[in-house]
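In this document, chain identifiers A, B, C and D correspond to the written order of the chains, with residue numbering beginning at 1 in each.
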């Protein structure tokens, strides 16, 4: 019954390359949204777009209107039919496809992220996308984290389900999620109730931990809970020579904060992280700076450890403000949690994997050591009694994730679609092809 | 013989207001350069412009080409005849006017600064320039430090000397200096040898120390030596969650530097200052910052104390770089020194002032507590055997210097011109009007 | 053949309580050294004391002569026969007992640590040692980490081997090690070659990870490599009001160091630690401090991570010294490494444990999350081809380790002796009792 | 009438050397108290001692009872008659001598400080007190600030007044003040009302500003207001490896405080100072420090600037406590203010000085740049309508004040007594010798 995957694989590689050429980052994925929506519609899916896909008020880090419009226009210019992206105008990107099978059965969600990074791809001939002509056409944006392959995998899976609809038990729900990189797309779909009816949820990332084609990771842990904050200190400007005593130095407050944030005690129970990624303060040489702006994040290998980091970070920020007589504003930005795969799915997955020729090794334990907002969806599904699993799929890489020369073995697209199709069959008890 | 000053005073007020409406900051003073040059030419001065006024390679803080061009064009659009500013194209602003008298005598320089601040002037009706229609027409630029009045004073003095040329002994040299605010215009004129032939040098600032019209300060001290530096720390970026240990955190290096710069021990022998006016570091949330950029300055009430601050600051910067394994680049920007008025001129000035009805009080001691690059010119003149004096003239202010509502009593224009004319007569032994 | 252990168990409890009443910390363990030595001699062991037990020059953290003498005298006063501790005078504590069996076989070492903490034990009646009359008689010293039980376990095992000497194959070597707490006793025994002939080495700690009697941990990992340093910054004193600029402030250097030491980036590959446990600087209010002294330590869950921490710490210290123009002295104090149990012994131990009625659970994985200097001995044995294992034994605790109310279930003394006796039989292939 | 001063001068030098040999620091000046009291009694003064000299509850920094007793005993052993120091037992040192003249007139106070430093004097033969046999006999204590000379000057003046009692108008009040160094003796005398009846108050310091014998400074300014604080941060201890997150690190709080205290913005209006002279934190290597103790002081050239420093320092301390979740205790220790000499006395003093052959130069302006608790007495006298003056007397020095080789020209003892005697005559209108 899964021949359709092999049949469409070469096509899926072309899809991936088209998506690769037209990358757009979080809340700007007009090209990929339109690309996906057109196909889902053609294949008979019930398609949800715009406000039906993402809750507008949950979109953290929404770009400015001018950028939203420019990227929308770019997608149209690049050949996307407006009928598929009109609902996404203004940054309501993402698409959901629902397909009801012939017979009753579980509701099974598959989530694929679709956003690119804000990075300029290498044009070096040693970089395969450059050599083979599908390098990013959008300067400053590039699929250097494999989300183009995730999307193609989702479309390949979608094609498979559509062709096998009459044999399907239960309901398929494909969630093409925007803005994973800034960790705010998952929450925007959850807030719309889109995972509330799921009995099963599956997700995937390529190339993390596993660097060989054919490897699959099911027992994945160490997803880091993470919280980001925009921090502003406001003091009082003063002439640095004439009246320095009249100032309240926001730059010094920010520096005291930054240093002491990194000095927060390591947690005895597991990994913690903190970073001040951006600090901007002051206007000119001889004025005591009255404004300082920071972008910072905390992480923890458990939600508790991340909470500990947040608590301590707040103390440090408040103390730094107090030290220099500053006003403090702490604005939460993106955040996510830690979650673990449902043990039953790890076990079932291992059995399913062993039946697939494309799987060469089920790696027994994978430490993710990063953050993914699918964890929010997983927790939601698990809390409501469902089961959830984020798998890792092996592929050799060009440069590492988020480098300018990231590349992957496109076989992983088929491998993932095949495994997900098999898992669906396993949990839904689909009729095999006679 | 000094009636010409009263005659032209009302005109000088109009000049000041025109200059006030068309402010341009350092190396962009095309409007005022053209305004001055046209008049000096008309009045028969030997005028030096462009490379003959300022040494190109000495121009610290030169704006980008696009800005230089735009401000040049703006001056032309605002009515400046290109013949007077063509030599200044590309930021060679400033003008020097030389007038040789009928009889031999000393060479006497008068220096007036012509640049505006980068600040937006208040449009509030309570602010006189706004109420009376000469508020800055150039958003982001404004004469909030009185250099427009200095320039008008210089022009009034120029008109006076021109009308009295046949009675003059010696040579008048009027130095209309660009970019005092960033303290690099004086050095650019010195490097051209423009003060090397001076027997006397006079300069002026309005409104410092003295807040009443009619006050004059001759015994002025506590000019702060000052040095500015652009500091760059370069480390190594790394993913803040996956591999924080691989980074060399330039932001933390900059913060350690900033905090410990302010903590440099106060000097027992007199006032010292330090400021980090700008700090910018990092690119995004989850990357350990590999670049940090600071603008900092040190000051001291003596050159020795400023040298002490520089020495200690370098230790702090080098230590901070060492701490975090960073490359350090320290690029000197503008600087100036401390200087004192020649005692003979203080004494002579006091006698001259007492003969002038416009002087109501010779204030015996004025602590400037700020920095001025005329000190570099004064030191040069004094080292070559000449005498130099920077006077302070009293005026009530609107808002303080560098505030958006700075204003002054325009009478100060006449008072300054009158005192300088009288000092010229005194040092040159001019023939009185018969 | 292991009935002797049950026979002597009650006696061993009395030994433990006597040792508990007479605690002495590192290099001062005269009471326990004499207590052990007397019994080993009585039981026919070849006993090594003084310089034959510990290499004098390896004793890090040796107390002052007056303290060494006072504690020696205290032990004599408390009833220790000087013939057994004369060789230990001056801090050469520790004892080694060697027993050759009737038949050839492997050389098997067992290491027990004998030192107390520098802490005052609770006298509260709710604290069992206080209630039952064996609370520490030495104020400021107390066995709050269970080394008294380790010693009693070692003596119980010694009695067992002595009684079964004629059935023993191979050689028993009991290492009663001083100064584990400051991590310098193991190195002092290694330097004497005392573990070089071992085919097997066993060690034990009670109450870490496992809180129930009957639990045993064989697969123990996460022993933290650790390095301690005494750091001295030397600057220049100066009067804080008259001439602050003349000083080089060692206190500020130390503060910059301390803060930025804690801010060393967490390592992506596993747990790291840093602590500045002591900082002392300055002499009086109005003098800029010219001396600062720190006690600091780094740790890592692998030796590589600890090396990373040391490297970064040195950069921070050097940078802080540079910042304030200070001399820096970094003096290594105690250190230890991370090590893991030999897999063959983990496996064999599991089988042996299952045969013992006292073992209720072999806990599959124990994260130690602390440091132990037996790791140095283990590495030495393993590098020379032997096998080594540090086991953990479960016991409920009163207060936690190093608290003033630490207490344990004395059954653990028998359980440990029994397991070690059984392991000896297993590795040596002893003849069972007929 | 002032021949008596010359007559007794050689004796006064012997007094000074005896006092120099027997130095005792603040609240421990039993030797000098007894030495003074005996002479004042012999000369017919009304002598106030113990509680009548200093208010017990005002004694900041009182040594421990054991030290108080030991130093009392030392004074007795060194030949002081207990009848003169019994009232001082327990640290009530200091003496006041009152002499009523034959005729009515003003009440004129003279204050001399009598305490030594806690410093060990140089025994080098190049150091005159060592060479000439009057080096300090009390290790750890030494008169390295000239208070021995002040005391001898006071006694010489006392002898003079006693011998001339029948010619005196008004009342002489000699205040031999303890504990100037820790700035708490003056307040203890003020609190007893001892300066409330003064019409005039005179004080002296030798060797500050003026380094030549015969120089006198009357227009003395820049006495720094000063405030000292004992600061304690209390957090929570935790094991630095097992559970670092459970700690609240007082050491890090103290370091953040110290660094940012020095970074308090310099005051535009004049000199400010801050020093953390002592920092002690933590107990051992592997415990996160739960206690940190600081001794810090602020100063300002005006009382307002010192208030600014205190205000900012409190913000820094509170912010640091907040940062690390610490309890903060700030305990005021010694403090003093800034004061200026009464202009009438400066003027009168200049005239008096010119009449004295021992005065070679009246230095027109002296910047003290230090702190003195006589300022508290001066303010009190001036606020109640009296006049006050602290003079400076020139002397070449050995090493500087507070160095181990401080030394002075003993002629200054006579010069001071002579000037004070002459000032008394001038303000009281004494009858000259017939």
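We adopt the following convention: contacts are C-beta pairs under 8 Å (C-beta built on N, C-alpha and C of every residue); 3 or more make two chains touch, one makes a residue touch a chain.
Note that the structure is predicted; figures quoted are calculated from it, not measured.
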Selected interface, A-B versus B-D, where C-beta contact pairs are more numerous: A-B
Reference chain C; chain at largest CA-centroid distance: B
Whole-Å gap between the CA centroids of chain B and chain D: 48
Centre-to-centre distance between chain C and chain B (centres being mean Cα positions), rounded to whole Å: 70
Chain centre separation in whole Å, for chain B relative to chain A (CA means): 54
Residue numbers of chain B (touch at least two other chains): 241-242, 244, 249, 252, 256, 259-260, 262-263, 265-266, 268, 273, 288, 369
Of chain A, residues touching chain D in the complex: 238, 241-247, 249, 252, 256, 260, 263, 265-269, 288, 308, 315-316, 318-325
In the complex with chain B, residue positions of chain D that touch it: 259-260, 262-263, 265-266, 268, 271-273, 369
Of chain A, residues touching chain B in the complex: 224, 226, 228, 239-242, 244, 249, 251-252, 254-256, 258-259, 262, 273, 275-289, 292, 295-297, 299, 333, 369-371, 402
